[in-house]
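Consider the two complexes below, in which chain A is the common component and chain B and chain C are the respective partners.
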Partner chain A sequence: MKINLTSNELNQVKILLGREPNIVELGMIDVMWSEHCSYKSSKLELKKIPTKGRRVIVGPGFDSGIVDLGDGDVVAFKIESHNHPSAIDPYNGAATGIGGIIRDILCTNCRPIALLDSLRFGKLEKGHNRWLFQNVIRGIADYGNCCGIPTVAGEIEFDPSFERNCLVNVACSGIGKKENIVLGKMENPGDILVLLGGSTGRDGIHGVTFASKTIDERSEEDRPSVQVGDPFMKKIVIEATLEALSTRYVRGLKDLGGGGLTCALSEMSDKGGVGAEINIDKIHIREADMAPFELMISESQERMLFVIKPEGLNKILKIFDKWEIKYSIIGKVTNTKKVVVKKDKQIIASLPPKILTEVPPIRRKSRKPNYLKKFPKKFELKQKPKNLSQAIYELLMMPTIASKQYIYQQYDHEVGIRTVIRPGEADAAVLRILGKNKAIAMKTDCNSFHTYLDPYYGHAGAVAESIRNIVVTGAEPIAIADCCNFGNPENPEVFWQFKRSIDGLSYMLNGLDIPCIGGNVSFYNEDERTSTAVKPTIVIAALGLIDDLNHITTLGLKESNQAIIIIGKTYNEIGGSQFSIRFNGIGGKVANAKHDREKASMNAVLSSIRKGYITASHDCSKGGLAIALAKMAINGGFGAIVDIKKIPKTSMNPYELLFSESHGRFIVSSRIEDVGKILKICKDNNASVSLIGKTNDEGTIKFSIGKETIANCEIKKMRKCWKNGIQKYIN
Partner chain B sequence: MPNYLVEVIIENKKLAKDPEGETIYRELINKSGYDEILSVRSGKYLRLNVNAQSKNDAEKIVYKMCNDLRIYNPVVHSCKIVAKGNIE
Partner chain C sequence: MRAAVIQFPGSNCDYDVLYVLNKQLGIKADLVWHRYFRHNNYDFAILPGGFSYGDYLRAGAIAAQSPAMRELKEMVNEGKAVLGICNGFQILVESGILPGALLMNDCLTFVCKWVTLQVSSNKSSATTLIQKDKILRMPVAHSEGRYVNEKHGIKELYENEQIIFKYVCNSTDDFNPNGSMENIAGICNLERNVVGLMPHPERASESAISPQCSNDGLMIFESMIEYSKK
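Let's look at the complex of A and B:
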């Protein structure tokens, strides 16, 4: 057996346990003490993140966070990464990532209703990157589509740092009733433990230790860790689980993910302050001759651990029989405060759950990275494209900005009949709550070009951007979940990035008074051969509530002769912008997201939307004002003329006015007669605002400074560039 | 140069799951009383007509092609390549 514990950790184990662990126990401890299961490097930092709010019912620490929508409705929400498996087997890696997150939602007794995916790859010019890109998307599509859950939104970035380590983050939301919530807990000694679903095999053994390493030659031998997804089985597991839960005989439920049975048994018994005893001879297995420690740590897919009241056992088993799903009655809840594993009536492991769940944190060193020193603080655009119209066309063609139609057209985004806003129609997906005049809005975001130059403000900005994206659809933001993706935390420079990122994220959440209800940390996203770590990336998944379906607002311009208004001030912040990357390379001061500015703009936009004054709305992010307006024109088919002199600003440089990625900005359109009302709402909220132009049906977007036209782009040509940006790389 | 028939059989590795094979076995074979059949493994089959000096060369060409073009993913799949006799 391969042990990944350091000798220091092994000594700690012996001290905590007061004896030598046996081989089975060692296997269980080894897996639970991995970075992936224990969060030993990250947990001290993660404590800084605010997690409480008036709508939070369940926060971090359980399978998924749960928030209250009122009227007894709740939403379970979670985001997770599946980076390492996707980097070596993109199709199955992405598919099983979806499988895992669906189970996290399901086991709270909420029906999974939507998936979102946040993806990062190397540049599409390279064959290997195209292979990863196409197969990850196919994996997500096949799995989500087959089990009947729509994939409704996401985001994607392309950058060489993600070449060997692509990032595949998936978010899922589910809807349920407050009184029916079930948690991953064992509380009552005597309750029966039933393992449901796929049989246990050797696949995925040491999946978590695999994720706690960088990908290098070692990955070759680690390769049996790869899992194969089975979406049709997942659909049956979903239905059987929800039916079993409806009997109210299920007292606790947890999905088996990283750490397998060991993780489920220890976390569930620890949370309820009880013990658990299982007999491993009872587990239904796929391969004979599996060693006991292998059974305890296998991460075979599609498995759930049920805690069932004894009087309801028969009724529950009948349901499982009806759905023809395999299960085994493996043991019971005890009052021993120990996780006990038996084989042939002999005890082969007996551990207090705390030794598995409360792994001592590691204080990692941190040091400001050297790479940051090479970027001058004063950043000048060396190459300025003379022709601004051409620059806009070229930005629209950048895969990070271009239309994501190639991706979302492979996804079923409407199955389940809840989808109100489909991909591409607005900044966030909107799904209705069936039978109510309510909807939820969701979006994932992170700008890793900003976070690379400034992890603090970059991640403050990621929070702000994801929330702006749900606000523009008419939603009140209620919570976020986060998914951290970093290199090797043992490298002080990487750990510095992580620390600063968490600080920036917490700063913005505290300022906006939004709680984080769950998250995931993925370290070791690093190529050892070239020592390239991924750009620091905490993907933020934001969740909002729309309390009247009439408020839902999309991004396309609706009519000619309407007003174009910008809310929020434009600063001299072109560093790390897409414009700078395209024409100058990376460097400079990135947009500093400040919570007071964000709050002012968000409140102004949300009030205006709810009063019905806004006909189209879009957040201003990658590519700045020019690209935001271009997308509104491409989507709605109407043109516009805009005078950039009128923008609330700190600089007069046309490049900065058009392409700066300052936060806290929205572009909205409205009927002329409503302009005064919007201006007043903005003033009342202390938000900078200006009427900057008008829509028309001339088929072009024209930018001017006073009377002088500085760019004039045809919608037709912009649409072509935007649609081809990704498509041109696919055969 | 002679032509060879080359067969390529791609399966999930032995340790990996095979949901398709499992479903065929569980839902069809098992439920229809074919008790003699004990398991099923699904896969992909390619039949290629290859111009090469020898059987061995034909296999080598196909092996290189399968790897270069990612006809299979060595991480998950096993790939068996067999050249049959000259087909002229």
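Let's look at the complex of A and C:
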């Protein structure tokens, strides 16, 4: 058996336990003390993140966070990474990532209704990256589509730092009733433990320890650590589980993910302050001759651990029989405060749950990275684009900016008849609550080009951008979940990035008064051969509530002769922008997201949308104002003329005005007669605002300084560039 | 009037169809587990979309062997209306109730997008209330939707006016999402009571969730109700 505990940790275990652990116990402790399960490097930092709010019902610490939508409706929301498995086996790695997040939502008794995917790859010019890209997409599509859960939104970035370590983060939301929430807890001694779903095999053994080290040449050998998913079984598990939960005989429920049965038993018994006893001979298995420790840590997919009231057992087993799904009655809840494992009536492991769940934190060293010193603070244009129109066309072709139709067309984004706003129609997905005049908006975001240059403001910006993206659809932001992706935390420079990132994220959440209801940390996203760590990336998944379906706003321009208004000020912040990366390389001052500016702009936009003054709205982010307006034109088919002199600003350089990625900005269109009302709302909210142009049906986007035209782009040509940006690499 | 929405393991548009029938059209419709389905209890039946039995072997192939299909054939023989949507269409083809086959899309990937359809014939249980040649908008979402048939099979479909829906051009985009022969999107049997189509009318039954406020799909369900009154 491979043990990954350090000798120091092994000594700590002996002290805490008061004896030597036996081989089964050692296997169980080993997985639970892995970085992936224990958060031992991150947990001291994660405490800084605000988690409380008036709508929060369940915060971090459970399978998924839950927020209150009012009228008895709740939403469960969670984001997770599946980076390491996807880097080795992109199809199965991504598919099982979807599988895991669905179970997290399901076990709260909420029906999973939407998936989002945040993906990062190396550049598509390279065959290896295209292989990862196409198979990750196919893995997500095959799994999500088969389960009948629409994949409705996401984001994607391409950068060489993600070449060996692609990032695959997936978020899921589920809808349920407040009174029916079930948690991953055991509370009543005597309750029966039933393991439902897939049979237990050797697949995924040590998946968590695999995820807790860097990728190197030997990683191919870890391929058996990648679980293999079965979306058909998952669909059956979903329906059988929801039917079983509807009987109200299920007192607790947890999915088996990282750490397998060991994690589920220890966390559930610890949360309820009880014990659990199981007999491993009862577990339905896929392979004979599995060692007891293998059974205890296997991460075979599609499994759920039910805690069932004894009087309801028969009724629930009948439901499982109807669905022709395998299960085994493996044990019961006890009052011993110990997790006891038996084989042939012999006790083969007996551990207090706390030794498995309360792993001592590690204080990691941190040091400002050297790489930050080498970047010029000042932006100087080394390679000027031929002209500004050409620059706009070229930016639209960059895969990070280009149309994502190739991806979302492979996802069933309609199933469930809740999808009101589909991919490509607005900045966030919007799904209605069936039978109510309410909807939720969701989006994931992070700009790793910003976070690399400035982890603090980069991540303050990631929070701001994700929230702006839901606000522009007409939603009130209510919560976020986060997914941290970093290199090796034992490297002080990586840990410095992590610390600064958490600080920046917390700064913005505190300022906007928005809670984080759950998260996930993935370290060791690092290529050992080249010691390249991924760019620091905390993906923010934002959740918002729309309380009237009439407020839903999309990004396409709707008519000619409407006003174009920019809300929020443009600063001299072109560092880390897509323009800079395309024409100048990385460096310079990154956009600083400030919560007071964000709040002012968001409040102004949301009030204007709710009053019905806004006909189209778009957040201003990657590619700046020029790309934001280009997308509004491409989507709606109407052109515009904009005078950049009128933009509220601090600098007069046309490059900065068009392409700076300053935060806190929105571009909106409105009927001419509503302009005054919008300006007043902005003034009341202390938001900078200016009427900068008008829509037309001339088929072009024209930027001018006063009367001088500085860029003139055809919508037709822009659409072609934008549509081909990713597509041209396929086939 | 009572309708059955037959649920196979892996069906995933079952609740969506049920919602349209119950909530929007006010029809008594039951979600019926495939093993429990009895044709006598119902006036019409719908086989919803999804991935019955995980699409293992071939899409619809295993569900076609379900005991529900024996019951369904009785229902077909009695002349009652039956609609197969997407995976339901695949099951009808696999069970031999409808002719031809549905193969992998020519783009080799799953395709989810809104398409434009033309009603090629209104002589079927699913189009009896719709004008011939009417244009409908609704989404497709499938991997295996490329309708194929032998030459004489296609000839027969034309001769007997069995092609009910065709994909038609509405813009510059590829209008046929899967490369089906003759742009076929849906067909009926010789008796005209059984219809199968790849697009999802249940996803286009409410303007609130349609990109161009289309609720064209509703007419298909309304036609089935009307047909079943006779």
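Operating definition for what follows: the second predicted complex is superposed on the first by the 730 of 731 C-alpha atoms of A that agree within 3 Å, B and C clash if a C-alpha of one lies under 4 Å from a C-alpha of the other, contacts with A are read in each partner's own complex, and residues count from 1 in each chain.
FYI, a contact is a pair of C-beta atoms (placed from the backbone, for glycine too) under 8 Å apart; a residue touches a chain by one contact, two chains touch by 3 or more.
Since this is a predicted model, take the numbers as computed values, not measurements.
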Fit or clash - chain C, chain B, common chain A: fit
Contacts of A:L549 with chain B and chain C, given as first, second, both or neither: second
Partner chain in contact with A:D89 - chain B first, chain C second, else both or neither: first
Chain A: partner with more touched residues, chain B or chain C: C
Where the C-alpha centre of chain A sits as vertex, the angle toward chain B and chain C in the overlay (nearest 10 degrees): 60
Contacts of A:F232 with chain B and chain C, given as first, second, both or neither: both
Contacts of A:K185 with chain B and chain C, given as first, second, both or neither: neither
Touching partner for A:K622 - first (chain B), second (chain C), both, neither: neither
Partner chain(s) touched by A:K594 [first = chain B, second = chain C, both, neither]: neither
Minimum C-alpha spacing, chains overlaid - chain B and chain C, in Å: 6
Residues on chain A lying within both footprints (that of chain B and that of chain C): 230, 232-233, 324
Residues on chain C engaged by chain A in the complex (per definition of touch): 9-10, 12-13, 15-16, 19-20, 23, 33, 49-51, 53-56, 109-113, 139, 141, 200, 202-203, 205-206, 208-209, 211
Residue numbers on chain B that touch chain A, as the complex places them: 12-13, 15-19, 22-23, 26, 70, 73, 75-76
Partner chain B, residues of chain A touching it in the complex: 88-89, 91-92, 131, 198, 201-203, 223-224, 226-230, 232-233, 286-287, 300-301, 324
Footprint of chain C on chain A - complex, ascending: 138, 141-142, 145-148, 230-233, 235-236, 322-324, 408-420, 422, 425, 432, 434-435, 549
